[in-house]
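Structures are listed in the sections that come next.
Heads up, the next two complexes both have chain A, just with different partners, chain B and then chain C.
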Partner chain A sequence: MIFQRFLIRLLTMAITLLGVSVVVFVIIRVAPGDPIAMMLPPGASDDDIARLRALYGLDRSIVEQYFIWFSGVLQGNFGTSISLRQDVMSLVLSRLPATLELSIFALFIALLIGGPLAILGAREQGTAVEAGIDVANGAALSIPDFLWGLALILLFGVLWPVFHISGRVSPRLDLPFVTQFYLFESILRFRFDLTKDLIGHMFMPALALALPLAAIISQLLKISLKEVMTLDYVTLARVKGFSETSVILREALKNAALPTLTLIGVQFTFLIGGTVIIERLFSYEGLGNMAIDAVINRDLPLIQGIVLVFALIFVLINLAVDMMYALLNPRLRHG
Partner chain B sequence: MADARALPGRRLDARLILAGAWLAIVLIAAIFAPLVAPHDPLMQDLMLERLPPFWMPGSEPGFWLGTDSLGRDLLSRLIFGARIALIVAFAAAIAACVVGSTLGLIAGYFGGWPDRIISRIVDIWMAFPPVLFAILLVAVFGTGLMSVIIAIAVIDWTRFCRVIRAEAMSQSRMDYVENARIAGFGRFRIMISEVLSNVLPSIVALLSLEMGIAVIVEAILSFVNLSISSDDPTWGGIIAEGRLSIHQAWWVLVFPLIALFLTVLSFSQFGEGLKSRFDPVLR
Partner chain C sequence: MSACLDISNLSARLPSGQRVLRSVSLTVQPGEVRALVGESGAGKSMIGKAVLGVLPPSVRIVEGSIHLEGADLGQLSAKERRRVIGAKAALIPQDPLTALNPSRRVGPQMTDRLIHILGWAADKADRRVRQLLDEVHIREPDRVMRSYPHELSGGMRQRVLIAAAFASEPRLIVADEPTTALDVTVQKQILRLIAQLQQEHGTAILFVTHDLGVVAKISQRVTVLYAGKVVEEADTPALFADPQHAYTRALMAATPKYTDPMASLMPVDDTVLAGLAAEIAVADHDWKPGGGTGRG
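Here is the complex of A and B:
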């Protein structure tokens, strides 16, 4: 049952990715503006332009171009970046870890804020505390990450400058890393001085990304908790003499978490989508920042590669959540 | 939401009134910008560069919110920026609503392969990072007001499509639709009127929410310098300037940020408020 579900999801995932690749390919091929003309000096002859055009395969029909590109993608070859003149795959791989670290760190913050608030709200049902949490959630939800980012820059970058507001790591530092996962590697190498510097840079953008998600987690988990807490087995635990907090933590949380978990998956993809502008805002050297430069420079192969990688991450997260849901939900597990 | 139902009617009204009042202020300022704005938003005066807002020492009378690094009056720029923000908000949200609702209705009513195709397209659209998609589209269409509006509509129609599709699906299974057909009425027409009356509250809320989103997307696009021409003042453009001169003139960032905060918050609260007023279940 689960295996069948997995196969169907895998198939739709492939179709979605195929669709994304076609859409992005068509969009950027109909774009006016010649990427080749942009990379040559003004005095270049028509012959030079034609030769370069042939080199990048731009002299063929759009359908041909697509199949050439797509067969390359299947072999892991995403082409060569026009503006940076490097292999797209290695460019993307060099920036992806920074974006993944930022996103995961943001998810972590969102859980850390949203989870306890949900538990507090469920424990203090009907009080001013719960009303306060609702108002805070409402505000955090209506304000998008871009505005949170700007507000945080003002508060903790200018008014009370305790965090870095630009870059990923202080440039003067000597980095011993062999991977691009700076944060994880700094922890594994016990270089906590570097960890501190990295988090000092990452905290503001991550918090901006985390706030809307924290509000969603807090709101939804609270509602689920309140529902579960009216069930008999929770009442039984109360009668046994457990305190309200331990009733929530020991009994209710496990069963209330499932709907929240499904939602976190979808919302996490929105969070990753938000990294594009947040990285720009904080000059954080991740994939999103590179994507904006690629669009501005009309770097077609690079744009295609980055969009496809984002789409791949999105469908993989959805797949993972779906599978996790199927495994954890007893009704689906036995059905 | 269960919580919205529990709220007393009076509080909902306050939310509606506050949000509506701010939106009305922005709308009036935008419509009458040339009359309301104290200065020409484009006039540069290097003698007046980086004047602080009125309550701070060194401010000049008449420049209420101060000036930017080229000596342009910030309040006037914000007022003219509101024009762009609102034009984009209304046009993009309505366009997204029309496209999304039509496709959602087709998918939900006909089911079968039209539904499969439309749902697949929605899935593909959801796999794009929206901000990157917007930047890409504007880069393709060329910068300009029209491109920004089209880009937002092209990206966000899926919101409306999903809501309308679900509603049309549940309505088309109802007995009355079949009965109407037997009675000789147009089934499609009846379903449309039923679907519309059922989803109208959600559509109004979504439309209002979408206007807020459009304002943000426009700000993001002009922040990365891809919106309309950089001569015209936009909130995002002012923010981009403010981000650069943040240590010399914080007010250039603070005031457009406040304007955006209030506008986005008002659009979403206004939508929610209207929804709970009109929704027969919630009322």
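Here is the complex of A and C:
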């Protein structure tokens, strides 16, 4: 049963990725703009252009190009970036950790803000506290992440400069890292001076990404909590003498979290999508920032590689949510 | 002898101003089973919830007092009230399917009050709960305590809830229609079980039901409720031998007799209801029969 479910999931994932790769492949070739024209100095001869086209395989039909690219991908070869003249795979891998750290840090902040607010709102239902939380949620939700980013830059970058507004790490620092997971590695190495610098850079873009998600978590979790709190087993827990807070934490939270969890999965993929603009805004050297450069330069192989990696992350997140859902729900676990 | 539970002149309203309880007075002596009967919507559960401090937020108590084991619940802080109720009272709920948390194992749900509210050591609480599971005739306490609620049958779950209610040796148990949600065959067993445990432990019970047959079997005294108002109160045998109020008589006529289950049943007579309406209208002016008190 479980195994079958898992197989179906894997198959769905494979088909999704395949579909994404085809769509992206076609769109970026149909869209206007020529990667070769961007590479050559003005006045290059038609011969030169044709030779370069052939070099990157762009003289063939889209179908042919796709199959050449796809058979490369199957062997782990994603091609060579046209603008950077490096292997796409290693380019993507060098930037991916920065984006993952930023996204996960943002998710963390969103949970840290949204969760307690939801619990507080559910505990104080019907009071001014709950109304205040609703207003704050509404504001956070109606402002998109990049506007939050701008507001934060003005606030904490210019008016009261406590955080760095650009880059991933201070350039003058000596970095002992062997992986690209700087934040993670700085903690493992007990180099908390570096951790501090990294977070100083990451905090504002992460907060900008986190605020809308925090509002969604807070609102949705609060609603489910309030719903669960009318159920008989919660009443029974109150009769037992448990305080409202422990009733929420012991009885209501886990069951109320289930519907929220699925939504967090979907919203987290939106958050990762948001990194493209936010990384640009904060000049954060992540995959999203690289994606924008790739699009500007019409760097077809690089765009394909980046999009495929983003798609893979999205599918994996959905899988993780699914598994977590089953883990938290004893009915599914034993059924 | 001071009463275990003493409700006096309790009135409650909804935000709309609609009354749900009208000057209800009711006492339960230590070790006594007091039945609370009335049709659906009469406010039986409201009284139980008021006693246990779990009224829905929309329901507001406008007058009267509730004394539980001498403590005036209305005078206590919310925290104190919770502590007193947690220590002295317990609830056997109506629907065993919804009264257990689906994502927690049964064992911890039974021991948590003993450990976290009453401060017992974990192994003592565990032993106590096993003993109670034995008293409610559950033969595999280990398996049951390790189970999730959905792995147990409805009857098993209600036994678990009964065991949990008695485990903390409360002075008062509110049993809100504890058999209505069960299979007819299981109903009798559960009822007998509650009666048996009640006698062995000497616990006072406020037994909410709409079934006069159950009243006759389990209670020493009865309070009859209609539209949030007490219409009659009597010793159980006396009530059945000589019901004073027309509504009580009508209610009896509407109940099947175990001796003669095929006898035709009389619905409550309209003139009786009109009489009641007049009675209630004396107390409050805005009330009309069927006027949204939700009698079903």
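Just so we're on the same page, the second predicted complex is superposed on the first by the 327 of 335 C-alpha atoms of A that agree within 3 Å, B and C clash if a C-alpha of one lies under 4 Å from a C-alpha of the other, contacts with A are read in each partner's own complex, and residues count from 1 in each chain.
We adopt the following convention: a residue touches a chain if its C-beta (ideal position, glycine included) is under 8 Å from a C-beta of that chain, and two chains touch if they have at least 3 such contacts.
Everything quoted here is computed from the prediction, not taken from an experiment.
When the shared chain is aligned, chain C comes close enough to touch A:G241, but chain B does not. With both structures placed on the common chain, the touch criterion links A:L231 to chain C but leaves chain B unconnected. Once the two complexes are overlaid on the shared chain, A:T12 sits against chain B while remaining clear of chain C. Taking chain A as the reference, the larger set of touched residues comes from B, when chain B and chain C are compared.
When the two complexes are overlaid on their common chain A, residue A:A122 makes contact with neither chain B nor chain C. Once chain A of one complex is fitted onto chain A of the other, the partner contacts of A:G274 are limited to chain B, with no touch recorded for chain C. Of the two partner chains placed around the shared chain by superposition, chain C is the only one that A:L328 touches, whereas chain B remains out of contact.
Looking at chain A, you'll find no residue that touches chain B in one structure and chain C in the other. Against chain A, in their complex, chain B makes its touches with residues 2-3, 120-121, 123-124, 126-132, 135-137, 139-140, 142, 212-213, 216, 219-220, 223-224, 226, 239, 243, 246-247, 250, 253-254, 257, 260-261, 264-265, 268-269.
By the touch criterion stated above, chain C contacts chain A in their complex at residues 52-54, 56-57, 79, 82-83, 85-87, 89-91, 93-95, 98-104, 109, 112-113, 116-117, 148, 150-151, 161.
Contact residues on chain A toward chain B in their complex (touch as defined above): 12, 15-17, 19-20, 23-24, 27-28, 30-32, 134, 139, 142-144, 146-147, 150-151, 153-154, 157-158, 223, 269, 272-274, 276-277, 280-281, 288, 291-292, 295-296, 298, 303, 306-307, 310-311, 314-315. Across the complex, chain C is touched by residues 125-126, 230-233, 235-243, 246, 250-251, 254-255, 328-331, 334 of chain A.
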